[in-house]
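Below you'll find the structure I mean.
Order as written gives the chain letters A, B, C and D; numbering starts at 1 within each chain.
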Amino acid sequence: MIDVSYLSAAPEMMLVLGAVAVLMVDVFAKPPPRVHGWITAAAYLAAGASIVLQWQRLGAGGGGLSFGGALVLDPWAAAVRAVLLVVAVLGTLCAWEMLAGLGRRMAEGVSLVLVATAGFMLMGASVDLVMVFIALEIGSIALYVLAGIVRSSPAGDEAAMKYFLLGAFASAIFIYGGALAYAGTGATNLFDIERFLNDYLVARPAVILIGMALLVVGMGFKVTAAPFHSWAPDVYQGAPAGVVGFMAAAAKVGGFAALVHILFIGFARYQGAWSDGLAVIAALSVVLGTLLAIGQSDVRRMLAYSGVAHAGFLLTGMTAGAPAADGLLFYLATYSVMLVGAFAAVTAVSGPAGAGSSFDEYRGLGRRSPVAAAVLALTMIAMSGMPLTTGFIGKFQMFASAWDGGYEWLVIVGLAASVAAFFFYLRLVVLMYFRPGEENGRDPDAPLPLPVTIRWVLLFSAAVTLVFGIYPGPLLGLLTRV
Amino acid sequence: MVDYLWIVIALPLGAALFNHFLGRRVGEPRAAVPAILSVAGAFVYAALAARDFFVSERASEEAVTVVRLFDWIPGLGATAELLWDPMAAVMTLVVTGVGALIHIYAVGYMHGDPRFGRFFTYLNLFIASMLILVLANNFALLFVGWELVGLCSYLLISFWYTRPSAAAAGKKAFVVNRIGDFGFMVALMVIFAAFGTLSYTEVLHEPGEVIGAGAATAVCLLLLVGAAGKSAQLPLYVWLPDAMEGPTPVSALIHAATMVTAGVYMVARTGALFGLSDVAGGAAATVGALTALLAATIAVAQRDIKRVLAYSTISQLGYMFMAVGVAGYTAGLFHLVTHAVFKALLFLGAGSVIHAMAGEQNMDRMGGLRRKMPITHLTMLVATLSIAGIPPLAGFWSKDEILAVLFAKGGYYTVLWGAGLLTALLTAFYMARQYFLVFGGEARWGEGAEPHESPRIMTVPLLVLGVLTVLIGFVNTPFRLSFEHFLAPAFEGVGLLHAPEDGFLLTALALVSTAAGVVGIAIAYLVYHHASEDTRERLLGRVRRPLMTWEHGYWVDEVYGRLIVKPGLALANWSAGFVDQRVIDGLVNGIGGAVRRAGGRLRPLQSGFVRSYGALLALGAVALVAWIAARGL
Amino acid sequence: MIAAAIVTADWYMTLAAVLFLIGMAGLLLRNNALVMFMSVELMLNAVNLTFVAAARAHGDIGGQMAVLFVLVVAAAEVAVGLAIIVSIFRIRRTASVDDLSELSG
Amino acid sequence: MELSDYLPIAVMFILASAFAGVSLVVSYLISYKRPTPEKLEPYECGIVTEAEPIQRFPVKFYLVAILFVIFDVEIVFLFAWASVFGELGWGGVAAVTVFTLMIVETLGYVWKRGALDWNVSRRARYRAAPPAEAAQEMAA
């Protein structure tokens, strides 16, 4: 009955422990911000160590189900955790200035980041629909609060409100899908669902199919796939700059991690039905995301729509089913690092807690802050899928999977959108390097202060994007174990 | 030697990095030193590595070496591998050799520019990218180089970005190239789907066993779209004339000698695939012929010294496409090499003239420069005669071989041969016209202009290229086909079309094409040098209509604009006076605008109201449920 | 016995579907954040009803356990949601979500 | 009746949603929109509203209510545990202990932050250190 392997949830436990410690230390000792930093770092280290242990266990042939079948320890779960840990560390560094500016509520902010990370990590490990739901809510609720954590910002409040209402709506749809799947199959565990669908010939599987579709909708919301994306631009624009990169990347990784388990394990039997559905969503996301990004005049909204398009590319690969898994992970890992890097530059420009990032603020950035501009330019180029960056390799793998899976039309749509996408990615680069700085009273060439935490994030994401773009072998090798 | 071939790429790349970080600190003349040395070093290294190819009695398999660097994208069969065969060697030598000379020249040309170091950074980056392109052993790496040279081209065209026209030209180049790249990317997907790998070694080795003629035609036509974008062929040539906004060394290196020939190189490289499809080859040759003729007529009426050369480049690239289209790969590559030399010379000479005239590019305000600039004059004369096809200069041998190959193919291709011949006549005419307008006759320059010969750092490269223009043609004369033998291992197993060996026929063809060149020069001499001002006006007045059409490049920019922009607006532009610059937002910005408008139309979706977002979400959910339920039931 | 009078699990599930749709309609049609939020709660309760009914039909305890988890998650959502609504109300003096449309495009 | 035999539900689900969606769209498309402040009042009845219809409660009621809901609902898990107490054994006890400790920790946190004080003075004292944030602190 009791098949609990604490190792299979150890990283999350470490993070939650860290969150608890931050809160407790804060109320009882009222320490300076740096103490929270140490605790957070310790929590990340412990989580990282547990992930390493998990890899070792997996390498020794261990792993498997745990906690009554709610969690699984497989290479996918471990790799997703590693990606999320990197995202969380970068995100925390990026947000640190904003968090430290929260004063007495800083501890809450820090612990929310830790808890959100734990939640999304759990999404990647869950193989039970109820567990996925709980993990999803742990992550999401923390993000709702983070979006509005700067009290003095009306835009932040609006962002939090929209995120919350729509997120709650999407979660309700998701768990209703879970309920219908349960009604149809008698199980919430994905392996049990798989077994049921394999063992019995379901004569009229309407309930199960509807449930599956609603599950896809719920996850589609989290990963900002069109037409479930509409929250993303507003939330990215309104939330405090420091956390946006983390919010965007973590939710996307978590959402895809869970979607992969749900569809590739639980509903593998119905691949014919869901891969067509995914293809349609993917095409819609790619086209809508690209078209809408072109007209934007705010960097964060542009990045949000580009995120919609990227969700589309990821879904494009997913249509091929299980063989696409390692490519997906590579794409997720590299894209989220790019995303956090881009938002680190955005944070440097709009200030740690700022809302909105008009294109005009980026004029002449190349002179004001060469590092931020260079990294932002690199991430833009990488997101556009230029060769010698990770963006190209990720995208190519997605297209190759979809082509192999028989979705040639989807690949053509994706390629056409990639071509069009150069417009807006390059527009920002041109703005930063080939346009004079704005002239609203201050010196257009005044150097932009770059906090050391943000500089680290920028350099790290640039290094990852370039090194693994030129020489992706090791990363691919690591991830193909999935 | 060959094992460390990556050094060839690493050298310019290292110099680019050096100048990127230290260029501003080391100051103006010194920043160029590592740049020049790295490219020259790459040339020397490549020449030494190519040494083996000159030993002719080797078995052909041995001549082709694949240098494996590291596993790049294992799933795609894309290993970072360099291919070292005679064709790659030729391309490498052209890129680094001509590149090194142009680097030296640029030291003088870019003198005093505040972004001197940055210029050499881009230039070196370009050389490295171009070498990746030509040395790649798989399509993925080829694509990497392909995109990178495009990026460098974009950066260098808009190098003087404070000029709005330069920025617009850069954008135009980039966007048109994206259209070509789209075709190329789809081609890559199809190749990958059909062969399961992107490696040349596997794809190009007897591809007929894997794919049928239909699939091969599709792949080749898609590749051709990509090649047409990069090599400025119909209908994607519109970016190249505008690209002349870049500094002249850039025009010489990228938009004449090297990058624009990448399309030709790619078609030659994939000759095994093109060999499977007569349709694709015919399409390439036809596109080439049409482009050659069309661009030559446009060049006849240009007034800007660089635009003449730009259209001339497009026209000459058309020749190369004709050659590779009929599988005359040797002829095409031979012309590629000679053209790289004499066209670089022409551009550098033009740059020297522009430099002397303090930025003036209109040939109507030049004239009589022969005595002021003796070295420039002499070298330009050699290059002009060469491109006009006068023996025994380089252009004669290579152009003649292309025409001979076309004639040998016979049938439909005889028509293309005729077009090529007509183009040769026009080429001779407009080049001679340029020569007489710039160097001959009376000085027409305005007050205060003081033309002078350029400094030695610019004239020495001119002289070197001039000597090469005289000599390089002799590597492949009908009497001694050294170049063809040299390249032979690269085309092992590819149905290569040779020039006819019938001595009489060859002589006849050579005489005809020489005659065309002579006639063209003679007409130009009569009209632009011999005739008095009045006679000339009267003569030109009679052909005013076609001349105006040509001067405005058949209004292609305008036509493209009209296809996309609102017809009324375009009509207004049409009648408003055919001003080229005004309607520069042709196809390119038209498409951009259309896409942007589509995006704008979608924006109300994002009204900011939570409930409308919720409604969108709900509708999406309902639609997905309905769709999946319908599929599954 | 009339067959139709036997209340099967289907009846409950149909009721749940109706509740879910009512909640969805409420969310889309009302513009007061609190009411919208209550609609979400209604949707979650429809989920609970489905779980319980299906658990009953399958004779499986798992569905009932799921209900507990959904309940708890709903409570957590309530806490956060109300806090956000209160916070907005303090600044803007309104609970109408249509007034929150400054971020758009 | 087969459990999987839910096609009627599916049809109704789609029809009802489509109906709702279509009526939304149609009403949006064909309706006149001339909003006036009166029309946007929650209760439009001809008389100009002078005050908010409902007297608002102080935030502290809300805080207590929320805390109650959270702690109340969390305890639900103890019932589930209690019903299989015997089967779970010491492992179960350990898990529930951890769970309870987390709840106690939360309680400690809110208590220490002053959320449970009906009387405001202690919260004010807590905030005395950084006074500038007092204004932002209200709903914490």
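Heads up, the rule we're going with is that a residue touches a chain if its C-beta (ideal position, glycine included) is under 8 Å from a C-beta of that chain, and two chains touch if they have at least 3 such contacts.
All figures in this text were calculated on a predicted structure; none of them were measured in a lab.
Engineer: Per the definition at the top, count C-beta pairs in contact and tell me whether A-C or A-B has more.
Structural biologist: Answer by contact count: A-B.
Engineer: Going by the average position of its CA atoms, which chain sits the greatest distance from chain A?
Structural biologist: It is B.
Engineer: Nearest whole angstrom, what separates the Cα centre of chain A from the Cα centre of chain C?
Structural biologist: 26
Engineer: Using mean CA coordinates as chain centres, what's the gap between chain A and chain B in Å?
Structural biologist: 42
Engineer: Just how far, in Å, is the C-alpha centre of chain D from the one of chain A?
Structural biologist: 26
Engineer: Taking the mean of the CA coordinates per chain, how far is chain B from chain D in Å?
Structural biologist: For chain B versus chain D, the centre distance works out to 66 Å.
Engineer: What are the residues of chain B that contact at least two other chains?
Structural biologist: 603, 606, 608, 610, 614-615, 618-619, 621, 625, 629, 633
Engineer: In chain A, which residues are in touch with two or more of the other chains?
Structural biologist: 151, 161-162, 165, 169, 173, 183, 186, 204-206, 210, 233-234, 295
Engineer: What parts of chain C, by residue number, touch at least two of the other chains?
Structural biologist: Each of 9, 13, 24, 27-29, 36, 57-58, 65, 76, 83, 87, 97, 100, 102-105 in chain C touches at least two other chains.
Engineer: Mind pulling up the chain B residues that touch chain D in the complex?
Structural biologist: 615, 618-619, 621-622, 625-626, 629, 633
Engineer: Please give the residue numbers of chain A that touch chain D in the complex, ascending.
Structural biologist: So the residues of chain A touching chain D come out as 1-2, 4, 20, 23-24, 27-28, 30, 103-105, 151-152, 183-184, 186, 202-208, 210.
Engineer: In the complex formed with chain D, which residues of chain C make contact?
Structural biologist: Those in contact with chain D are residues 8-10, 13-14, 17, 21, 24-25, 28-29, 32, 57-58, 65, 68, 71-72, 75-76, 78-79, 82-83, 86-87, 90.
Engineer: Inside the complex, what are the residues of chain A that reach chain B?
Structural biologist: 161-162, 165-166, 169-170, 173, 204-206, 209-210, 212-214, 216-217, 220-221, 226-228, 230-231, 233-234, 270, 272-274, 276-277, 280-281, 288, 291-295, 327, 386-388, 392-393, 396-397, 399-400, 403-404, 408, 411-412, 415-416, 418-420, 422-423, 426, 430, 434, 471-473, 476-477
Engineer: Given the complex with chain A, which residues does chain B contribute to the contact?
Structural biologist: 70-76, 80, 140, 143-144, 147-148, 151, 158, 161, 167, 174-175, 178-179, 181-182, 185-186, 189, 192-193, 592, 595-596, 598-600, 602-603, 605-606, 608, 610, 612-614, 616-617, 619-621, 624-625, 627-629, 631-633
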